[in-house]
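Pasting the structures here.
After this come two complexes, each holding chain A, first together with chain B and then together with chain C.
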Partner chain A sequence: MKFQRKQAVILLAVLWAVVLYAMYQVLFSLGPLSEELLRFEGDPMRHGYKIFFFSMQAAAITYIAFAVVLVGSVVYLRTKNLKWDTIASSSAKVGIVFTTILLVNGAIFSNVGWGAYWNWDPRQTTSLFLWFILAAYLSLRTAVDNIETRARLSAVLGIFGFVGVPLTHISSTIWVSNHPQLYNTAQSSGFSLDKSGLTLFMILMTSFLILYIYMLWLTYKIETQNQIYQNILRGEQ
Partner chain B sequence: MNFKHILSVVKKDLRVESRGKETVNFMFLFTFISLLMFNFATDPFSPVLNDVAPGFLWFVFIFAGMLGLSRAFLKEKETGTLQGLSLAPISNDDILYAKIIYNLILMLGIQIIAFPLFIVLFNYNIAGSTLDAFLVLTIGNVGFVVVGSFMSALVMSARSRELVLQIIVLPLLLPVIILIIISLRKVMIDAIPLLSIGEIKLAASYVVIMAVLASLLFDYIMEE
Partner chain C sequence: MTELTPAEVAMFRQIMAVAAILWTLLIIYIGYLDSKVRSLDERLK
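Now for the complex of A and B:
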């Protein structure tokens, strides 16, 4: 059975319902941060920590989008099949949306936790670095006309750009950072969730993942149609 | 990797450059002018200058380097000598290494002239060792040249290449740029010796990763 418009609408409606439910639960039912983690009386992080449920997912999807760009680029250079180039470029397009979401969420978190929307924390800086890499990748694609050359060059840049992902991931451990740690380190213990928090986290994570896959599929389809259209145009001349 | 081949390509580039001297002259003049511009932007007797000057110095190299780097492969493309170069019995990697070395020679030349100029123009007292500051700049320039030469080859077949080059090189170099500024400030203001700065090691490892990736992927750029 082919995935049609009707199924897509149903999928999105269900997704929205689940996300809205989870968001409501996160915002109104989930308890505040445990007392020993608060830094002072009236700490805004008491409820402000809930931004974690939205920025963490965006970060994970950003990494996944980068990984798809990497895989698509490597496979394209190996097989020279344009399909993989289209997958890589679609992933970059969707990825830049999620990176923007990540940056906005990060800025809100930063304002709540540290008192300024942008305070050049290593996490924020390296996330911005990821955004710039995707922007560079997409602008290189607009500057090359020949389809094969474009695919080859952007694949090389896509592999190069993946360097940013490990760097972003380890940024808050190797630099002095105020960002909450995900793992236990020498300086601080990792941030952990209770059972209901973890369930909501997983629900939101799955929804974000489905949304990413759906957007990737949609972009891939549009790109493919666009290529067919371009071929027809070129055939007529 | 054949040192004789690399050396011959470097020699060829240096000979071409020594005849026209276009790139070197432009780079030097640009460095001079931008140093002056930064100088006008600040009050020379203000104490703030001490904090911002290391950043100015590094940015001058970034901008001047941009000017020279964009010529590395584009020159070959424009004069049609690229085909000759790829037809020559030299492996593609050696061409890349040669271009990196050639660019590095240009950058070091600019650095040797611009660094004293900076100290004179800004009336700057380096708190740490002058040699350390120079070495930090050199490491930064190596990273800049490695990424820049590779990307210069990458954008050869793009439209408005000089513009695209900057858009691609600067984001990929962002970690190096930030780390070098931090280490420069540590050397020039806080007088910390070079080897006890963590950031410079991080920058160096990033440059090594970039260099390995560049030599692995260069074959794909040259195939046409």
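Now for the complex of A and C:
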């Protein structure tokens, strides 16, 4: 089934409207954090917790992007089919955008919650580590001319780079961290979403996931066209 | 609608305006890229 231009326009228009609606609801309709969770009088986290609705999505998409790089890399090494290398590199390119959004969101949340944009919190630091892994992956690809060598080296880095994902996820539990705990653990901050909050959360998560898939498809098409163009220049086609 | 102070409403309006502009620009840019990709596809065929 082909993804026609008209379908693309409708998808973009729906995404635009849905995310704007969800943003508006998060800002103006969601209530403040309950009084017992506030740390002091005038705590900026009263409404500052709402950043969670955007940083959580960025984190989830970053993890997914890494997983796609991992899968693409493993399958390429097994099959030597360059299509999988293209999928992996496309995911890395889109993933670094979402990782950047994650870092910026995290910095804003850190400033609201703890008074500094950067305080070497384990979750912040390991997220930066993820960004560096993707930057290294993309830099490696520009440094190698031979297509098969580039694909092989990128695949190895893509596989080992995935280690950063579980490390980032557990960083706030295994090290002392300011980052709120989202699951029922002994360190749980007690923060939970009501029905409307959960609905908005799922709407934003779904929208960002669709956006990631669309950007991945677009980047994959651009890379494929670039390869065809390079082959034409070399006279192979 | 939750009870917000006038200062909070003003702050959220600013945030919403910036977010809406950035989001709109991103969507337009993605649409532009999509259009370029499709026309290149036609030419490469």
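Brief remarks on what is shown
Here is the rule we use: the second predicted complex is superposed on the first by the 231 of 237 C-alpha atoms of A that agree within 3 Å, B and C clash if a C-alpha of one lies under 4 Å from a C-alpha of the other, contacts with A are read in each partner's own complex, and residues count from 1 in each chain.
Quick note on the criterion: contacts are C-beta pairs under 8 Å (C-beta built on N, C-alpha and C of every residue); 3 or more make two chains touch, one makes a residue touch a chain.
No experiment lies behind these values; they were computed from the predicted model shown.
In the superposition on chain A, A:Gly31 contacts chain C only, with no contact to chain B. Using the contact criterion defined above for the overlaid structures, shared-chain residue A:His47 touches chain C, although it does not reach chain B.
Touch criterion met: A:Leu218 reaches chain C, while chain B stays clear of it.
In the superposition on chain A, A:Lys195 makes contact with neither chain B nor chain C. Of the two partner chains placed around the shared chain by superposition, chain C is the only one that A:Met23 touches, whereas chain B remains out of contact.
By the document's definition of touching, of the two partners only chain C reaches A:Ala8; chain B does not.
Once the two complexes are overlaid on the shared chain, A:Ile228 sits against chain C while remaining clear of chain B. The touching residues of chain B, when paired with chain A in their complex, are 154-155, 157-161, 164, 167-168, 170-172, 174-175, 178, 202, 206, 209-210, 213, 217, 220-221, 223-224. Those residues of chain A that touch chain C in the complex are listed here as 5, 8-9, 12, 15-16, 19-20, 23-24, 27-32, 47, 214-215, 218, 221-222, 225, 228-229.
Those residues of chain A whose C-beta lies close enough to touch chain B in the complex are 77, 125-126, 129, 132-133, 135-136, 139-140, 143-146, 149, 152-153, 155-157, 159-161, 163, 167, 174. Against chain A, in their complex, chain C makes its touches with residues 1-2, 4, 8-9, 12, 15-16, 19-20, 23-24, 27, 30-31, 33-35, 37-38, 40-41, 44.
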